[in-house]
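Before anything else, here's the structure in question.
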Amino acid sequence: MKETFIKEMNGVELKDPILIEGLPGLGLVGKIAMRYLIRKLGATKFATLYSPHFPYFVLVSKKGSVRLLSGKFYYWKSKNGKNDLIFFTGDSQAQTIEGQYEISDRLLDFANKHNAKTVVTTGGYRVETKDKPKVIAAATNPGLLSRALQSGAVVSPSGSPIVGTAGLILGMSHFKKIEALCLLGETRGYLPDPKAAKSVLETLQNMLKLQVNLDELDEEVAKADKMVTRLQKIEEKRALQVEETRKEEDKKITYIS
Amino acid sequence: MKETFIKEMNGVELKDPILIEGLPGLGLVGKIAMRYLIRKLGATKFATLYSPHFPYFVLVSKKGSVRLLSGKFYYWKSKNGKNDLIFFTGDSQAQTIEGQYEISDRLLDFANKHNAKTVVTTGGYRVETKDKPKVIAAATNPGLLSRALQSGAVVSPSGSPIVGTAGLILGMSHFKKIEALCLLGETRGYLPDPKAAKSVLETLQNMLKLQVNLDELDEEVAKADKMVTRLQKIEEKRALQVEETRKEEDKKITYIS
Amino acid sequence: MKETFIKEMNGVELKDPILIEGLPGLGLVGKIAMRYLIRKLGATKFATLYSPHFPYFVLVSKKGSVRLLSGKFYYWKSKNGKNDLIFFTGDSQAQTIEGQYEISDRLLDFANKHNAKTVVTTGGYRVETKDKPKVIAAATNPGLLSRALQSGAVVSPSGSPIVGTAGLILGMSHFKKIEALCLLGETRGYLPDPKAAKSVLETLQNMLKLQVNLDELDEEVAKADKMVTRLQKIEEKRALQVEETRKEEDKKITYIS
Amino acid sequence: MKETFIKEMNGVELKDPILIEGLPGLGLVGKIAMRYLIRKLGATKFATLYSPHFPYFVLVSKKGSVRLLSGKFYYWKSKNGKNDLIFFTGDSQAQTIEGQYEISDRLLDFANKHNAKTVVTTGGYRVETKDKPKVIAAATNPGLLSRALQSGAVVSPSGSPIVGTAGLILGMSHFKKIEALCLLGETRGYLPDPKAAKSVLETLQNMLKLQVNLDELDEEVAKADKMVTRLQKIEEKRALQVEETRKEEDKKITYIS
């Protein structure tokens, strides 16, 4: 395995597909969004991307089996919509600079092979906020961008960087005559953030006229909120202890002197 | 030397061999196990793996000679068993991400060349315990896994990573139509751990119907235990001194003020 | 995208062009100088350099569009001078050692393709000074160097390193039968330094008999000076606060004891 | 420049040459030794090695000229000895693992091209000693080693690593049917160490029946000793000041409380 490569099931024919990407990143926003859509739509796995630029370990899965880190492609055939969908998500970003460019390249080649004219990338946008996460959009094409804005996104501030595959795909898409849109959910980024993923999915749904029930994401949001609350309590307790220890030590100093 | 390559003696013909790998890693478990088996079975060296992804130094061996870091293959012909064995061990893991994938790739190619259908990788599994080390198993094939479990191993917790060559070989083996099993001995991992290596060898022996006397490993275990005890005493002494120094300083502060 | 490559508009014919390079580096001196010349001369973009050795993010530009990091070539046709000019600037230096050599190689190939016999590289030279920045010169050819010295530059101290593309181009130019000159403006290097860029441009103008009004750079200099003053005040205030906090704490200690 | 390459003057014919290598490393021992021999023997430069694995800067040389980091080959024709000599030294070691292997590979190819059957590498061996530096030897061939021992070297302790080009050349030489010897002068390694270089040269002279006057090295040794004394005084002064500051602060504490 000298280079990134994609292993694909034969015979999958898709109608004007749109490829939607969500790899792990800030708040795992893109990955949470992809996994949710794949599960709720019952999308079918049909290709796997392997790369010597992924971290060099394997993961034990259920029942003691083992799997190489990878990215996976799923397809979903639209019943009456214009576009079939391809979802791409995976275990990891590339760990090297060249690997980042190589994987983005392969994803665009894969889109081309399946005649996808549009790619949507998803991820997180770091912001310290407690409001409902906004969705930040950028695109290679004004028409595509304005569709995202009409669907609830706001335009990305100029000068802002988009790091990793979600960004490079937009940067490299014109080499392959593909249009690309990036949707980033606002997130503090420390912990898995299903709330940000939900915002991204709402915009995606509006744009693509999908009808996926997002309620189950709320359960994940509730869990994540509980986790945050628990972590905050731990942190407050720790701060209190530090404070008390300090007072104790102040007393000691007084006593000694 | 632009790539990893294997230099091999001609004319070695093996009967349904199983390749067993043990490179340095946590507690040197895999390497200690391999070296012990190779020595006790009197296995014969027949191939060497070189790589520009090994660290860039050489080692002076006895009598002022020098050797490049390398991996070495040994074979052992079973007298009445079903499978001949190939052992692989070496000086180092690859130092780069790409090198890790490249070396695992070459090992699987070597297995294929010798018509080995099964590869067993060995190593350490980090755990803070003083009990007899358990052997943690994962495999690409349920039958292979259950043979390991019947031979005394326990199944790896799901989600657990297996880092380095011992893991990647399992992840990549299906590309080469090879089945692979990983056996990891529990170890604290700080020091060479012959006790963990012994646990791994017991499982291996049961599985492969080998009859190797493991008593000499107990001598290494005794030495390692002495070493641990000595290090603990040094540590206790150091802690005591720190404590006394602190008391001395407390007195000084009292005096000064 | 496995390697650095240049995408070029067809049909641009230039007369004995000189290629002038200024990538980001110390004080952004080279980049500021290039951008100013390109704007004031109304030079025309005609080629773009892409590289998998640039950082792996994209930048959102105005109106939510996105661009890959890149280097850009501009040409300017001299009305009555001997030499047309090619300017090269960009977003970033290469992030890997091999990338640094690769990009310098491509730039020299591009110069060769357009029959440029001379390349001038620009950048910053780290010095703690408040005087008008001097311009430090080094060259592959004594004639070229003495032209720079006559135009106001001083010769670089021997043993001094020139880091990055501005240096490697000089080091590698003789492989391509190209002469090269490096002009470095003295700068403290912490902040964008238009004053150092102005010094470089003055030397360049003298050498190339350009007549570009540099007054607008003075506005940038004024802005940069204000920024420096503001940062200094912030720093002084901070130092004062630290001092006061210390005094407060001294009092506290006195009180406690 | 994608790979390390060597540019060579045509028409240099050498009689059974021995290649002697000394790149910068611990105490600059190898480089100091090579430069001294080259100068005193009046050896002639005839080839240059360039590599994209050297650091990515250039050095300004005298008169504002610039040079790429490189390695340089010099030859010396023996008047009545058996062997002509090739010296190799340079500005830097390779900065990447693969580069280290690549450069050693090219050096051995160069030796082969000139029909050199033997390569001697030189460098430093880290030791905290003030005695006359010993010379530590290791070799790929017992005969070669014993010649070094008869010439004043001592055999390297077993298990000792030899880092960088000086070591890899020995490790890789058998791939090219070349015998190699490594001579390391004992050095503390912090500063350029002409005394260690002198020890290495004495052994080399004995082995190769050279008659080079080493007295001028003593001047460098005297300079280096002065430098060490000066640095020690600075260090002692600094330690004294720290001590006094501490006492002052002790008084302050007493006063405050």
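Letters A, B, C and D mark the chains in the order given here, with residues in each chain numbered from 1 onward.
FYI, contacts are C-beta pairs under 8 Å (C-beta built on N, C-alpha and C of every residue); 3 or more make two chains touch, one makes a residue touch a chain.
Owing to the predicted nature of the structure, the values given are computational and were not obtained by experimental measurement.
Asks: Keeping to the contact definition above, tell me which chains border both chain B and chain C.
Replies: Looking at chain C and chain B together, the chains touching each of them are A, D.
Asks: If you list every residue number at the chain A and chain B contact, are more than half found on both copies (same) or fewer than half (different)?
Replies: Result for this pair: different.
Asks: How big is the rotation, 0 to 180°, that puts the C-alpha atoms of chain A on those of chain C, in steps of 5?
Replies: Fitting chain A to chain C on C-alpha atoms yields 90 degrees.
Asks: Hey, which chain ends up farthest from chain D, C-alpha centres compared?
Replies: A
Asks: List the centre-to-centre spacing of chain B and chain D in whole Å, with centres computed as mean CA coordinates.
Replies: Whole-Å distance between the two chain centres: 36.
Asks: What is the distance in Å between the mean C-alpha positions of chain A and chain D?
Replies: Between these chains, centre-to-centre, one finds 51 Å.
Asks: On chain D, where are the residues touching two or more other chains?
Replies: In chain D, the residues touching two or more other chains are 257.
Asks: Could you list each pair of chains that touch, in label order?
Replies: A-B, A-C, B-D, C-D
Asks: Where on chain B is chain D touching in the complex?
Replies: Chain B residues touching chain D: 1-2, 52-69, 95-96, 99, 256-257.
Asks: Along chain D, where are the residues that touch chain B in the complex?
Replies: Checking each residue of chain D against chain B gives 94, 97-98, 100-102, 105, 137-140, 142, 145, 155-164, 167-168, 170-172, 175, 180, 182, 250, 253-254, 257.
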